[in-house]
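Below is one structure; the comments refer to it alone.
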Amino acid sequence: MLRIAYLGPEGTFTEAALLQMVTAGLIPGIPDGEAEFTPVLTDTTPGALAAVRNGAADYACVPIENSIEGSVLQTMDSLAAGSPLQIYAEFTLDVAFTIVTRPGHSGPIRTVAAFPVALAQVRRWLAANLPDADVVPTTSNAAAAHDVAEGRVDAGVSTRLAAQRCGLDVLADRVVDEANARTRFVLAGQPGPPPPATGADRTSVVLRLDNVPGALVAAMTELSIRDIDLTRIESRPTRTELGTYMFFLDCVGHIDDDSVAEALKALFRRCADVRYLGSWPTGSAAGALPPQLDEASQWLTRLRGGTA
Amino acid sequence: MLRIAYLGPEGTFTEAALLQMVTAGLIPGIPDGEAEFTPVLTDTTPGALAAVRNGAADYACVPIENSIEGSVLQTMDSLAAGSPLQIYAEFTLDVAFTIVTRPGHSGPIRTVAAFPVALAQVRRWLAANLPDADVVPTTSNAAAAHDVAEGRVDAGVSTRLAAQRCGLDVLADRVVDEANARTRFVLAGQPGPPPPATGADRTSVVLRLDNVPGALVAAMTELSIRDIDLTRIESRPTRTELGTYMFFLDCVGHIDDDSVAEALKALFRRCADVRYLGSWPTGSAAGALPPQLDEASQWLTRLRGGTA
Amino acid sequence: MLRIAYLGPEGTFTEAALLQMVTAGLIPGIPDGEAEFTPVLTDTTPGALAAVRNGAADYACVPIENSIEGSVLQTMDSLAAGSPLQIYAEFTLDVAFTIVTRPGHSGPIRTVAAFPVALAQVRRWLAANLPDADVVPTTSNAAAAHDVAEGRVDAGVSTRLAAQRCGLDVLADRVVDEANARTRFVLAGQPGPPPPATGADRTSVVLRLDNVPGALVAAMTELSIRDIDLTRIESRPTRTELGTYMFFLDCVGHIDDDSVAEALKALFRRCADVRYLGSWPTGSAAGALPPQLDEASQWLTRLRGGTA
Amino acid sequence: MLRIAYLGPEGTFTEAALLQMVTAGLIPGIPDGEAEFTPVLTDTTPGALAAVRNGAADYACVPIENSIEGSVLQTMDSLAAGSPLQIYAEFTLDVAFTIVTRPGHSGPIRTVAAFPVALAQVRRWLAANLPDADVVPTTSNAAAAHDVAEGRVDAGVSTRLAAQRCGLDVLADRVVDEANARTRFVLAGQPGPPPPATGADRTSVVLRLDNVPGALVAAMTELSIRDIDLTRIESRPTRTELGTYMFFLDCVGHIDDDSVAEALKALFRRCADVRYLGSWPTGSAAGALPPQLDEASQWLTRLRGGTA
């Protein structure tokens, strides 16, 4: 059975996203209609990717981007360094918290467990609803549920999945101060043939550029001149010297699209290094599709054959 | 006396950087040769910027970029939102830690206080030198020294400045696992006339772009076509929807350089919004200077006068 | 009185265009409402420009572009080489021919004088109307009228102006095989202050580029990035070696438009040589006006003053 | 036997260039070592191209560019309009004239026949050597020799080949006022498979662009971004309205070079119309070779197969 690594304990948002990917049939190697896999729980997100690298897992499910916090730097840095990994699927989860208590708890709520990142997103709700409770920091959203289940705190800011797993009561659901909070998760594995193009795909690369003026503009122009829609650009320091960066670029399209293939070749030629992170389905269209070159290719074939 | 806000408690790296700025005469309003200012200590880095915004301080000194961790997101997001602030000076500090103990402490070191970020950078040193000590997390590097001084722990991973302020012994100095760790700090205040151009200056802006393909390439081309050296580009989510970003751009040069001024005007015209973060001296040259347009301007003047 | 050189003899299309410029008040130095100047007739178009260069005339009126034949190469080459000249005005003339005969001529038309260039444009008319006449070549359109007046031929393909000057009868007017034939004429003089911007102006330059790949694209990008509308580009060999060219560029706008001024300075900086041919009114709008930078300039001024 | 059309009469520079092509084995369909073909003499250069179009000839040899005069507009316009033709070979001829007389002519030289274009290039020589001779215009350089042979003039400005053909004496050889005068000739036929790539090839297209700002820059960027060396750009009016142009572009490389093929497809996609004029050997390297994409293509193949 496929082994899939992800941040534990049971009930994390990551696990919730992974289950959605499984249900949607997005995971290569899990037949449609089946949903069985062997979970490999890790302490950290980079740990899940490491499990794939060292052979302890076939895939890792990891968060890569959050609409409020931005990129998940640990994930990006881990994908950019070490042995190559490749992304095969993604799922974007609406982030909203579930406030949990032990079944039958009826007294006042004096303590609330919360992961600090979550805390920042439910502060207004807590001020309005549990103004007198002391906040007890935890190491993850799921851990807050476990803390409640084990009686260390009266309530917890956690996930719906964790509430179910731990058999807790739901005091409030879909709690979040700022609307539109969403996290995108990806499924990474060893490099392999990308999943077939679906017409709604994303391709992602990490570029290292020679330190010459205009190098980044030139690389980006390789996409823009081909009308390839650049949907994301993130810079990250190379960790060697201040002022040197690598660049994460996402675009609409699949490596099997002629124009995307051309652009990848151009980047390969132009950049000090290109790390291909994969082409995979996004489920829904976002951005302009890459132009199809079929007609141009046919014209070229006719020219070469002298039959234009 | 000028009031300058920064992350406390006494002895933080931020304070060390600020003192260097003062000594170097980089702070507008503090006369050369003097070094007096009123410190306004804050709990957080955004809090220091807030102190400027609400009038509690004249300037804030804040970290903006680290060679290992990348941009300090809190600082960037705080500069990009809210009422405008402007940067007037910068200083880059080599980051290395000082391991401190109480004076006269002679017994075994069983506990070491460390800020988690620092811990990640001295792990190898601790494993080699204090393998048996338990690590006690603190809320800042400076706080680790205070914890030592107050007897809560045997040793602390802290700063040289904090060691001095707390009167502690230095067990080891310049401790850091990874060489070249450096943090850049900036001095931000209310908008005002930029400090005069020195020939080694940095100009910084935050761009919000219309969501059209090629908008970022077009904006960056406004710099590259003018041979202005783009030394840094960082994307940050706009916090409204996944996939929308604002961009922090740093370039070599000063708003009083003709070519930089031209580029700023072009960005103003092209972008949905441009927030000018300032032009200030960097102390040393880094990157290619913007081209001087004096000769071209004189030629233009002659053409207009009919005397070319 | 102003001396203006142009291709003779009396009655050329060039003279007709010049008279239109005079009537329209387009000639600097001729007061509105007056129409007096001293004609300086020359044998050739370059000869008219030479008359300005050697002081024999104040201005020269010369054809520069024809909708059928393209650029008038002699004019372009003459403007590009030798001492600088500057263009102050233009007028576009519909080209149509007048078939002339001597007053009272009633017999058959056995011979028709025609300038070879004109012949190519009235061939169908002649085939339909004078199929049996022999064509006698002349050295200009106006000369055909003079040949008729002096009895050397029965009819001539000439201009309406020449018919008037020579007192000839008009057999047919507005004769031309291909519709839309138009010629643009310009008025060139010694370099001087350009006429004031009118809002419908043209600016023209000749570029010599270093022979490096991308030099021309880079130069043109200096216009396109500034949204300056390039209305014409012509390459001409440098006459030194096959494969080296100079480029004539026309754009919409005036040297007093900020964005045009910026672009000129950028070309000056980028190109091996820029020869400014002038900024002058076109009478009617053609192409997109250059963007106004007033708002951007005011923003820049506020930034520099610290009052943005 | 192959029928090849060219400007007559016998002895033109065009014929000389054609013979060089034959000798060099550049003409598809003429086996190496053989030199036989059926000449099809025409009155004009466009007439030679028309002979190919109407089936009267298999190829036409025509001048396309002169280092002094620039492009041969008739050739370019004829290639750009009408049914498509394709170029298969080129040869560049040093242009220098041969002054011929009848064998045995010993009296004074009172008349010299000269084609007007040639006259412009030997004026200084005539002034120095035959100051008293009257110039009699002819319709081609070769015709000047025929005029001499037939006794209509004493001498002629002609070609060495015409001198041989007409059996004339050579009064002076290699006569030309301006050094470096060279004319490039091309061999055009019906569209067919281009000759194989040699490593020193030229590819040529005619572009018609939509009338939008930046269209030409965008088209040229398709070449420059791919590091394809644009060796020639010529604009020609479309002959419909002043200010609308088509563009002739020559680049280094062959349609079988991956990067040239990519650029052609991009132009096809971007331009209102692309007319391919062919890819053919130039004999010697001129300009930078197009980049080879083999390594990039192999990398792409590995990515697609999951074996990178």
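Chains here go by letter, A, B, C and D, matching the order in which they are written, and residues are numbered from 1 within each.
In this text, a contact is a pair of C-beta atoms (placed from the backbone, for glycine too) under 8 Å apart; a residue touches a chain by one contact, two chains touch by 3 or more.
Values in this document were obtained by computation on a predicted structure and should not be read as measured data.
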item	value
Same-interface partner of C-D, chosen from the options A-D, A-B or B-C, over half of the pairs matching	A-B
Interface residue identity across copies chain A, chain D - same or different by half	same
Centre-of-Cα separation between chain B and chain A, whole angstrom	29
Rounded Å distance, chain B centre to chain C centre (Cα mean)	59
Chain B-chain D separation of Cα centroids, rounded to whole Å	63
Per-residue overlap in chain D, given as positions that touch at least 2 other chains	221
Touching chain combinations (by label order)	A-B, A-D, B-C, C-D
Chain A contact footprint on chain D (complex, rising order)	84, 86, 191-194, 218, 221-222, 225-226, 255-256, 261-262, 264-266, 268-269, 276, 291, 293, 295-297, 299-300, 303-308
Partner chain A, residues of chain B touching it in the complex	65-71, 73, 92, 178, 180, 182, 184, 213-214, 216-217, 220-221, 223-224, 227, 229-237, 239-243, 245, 286-288
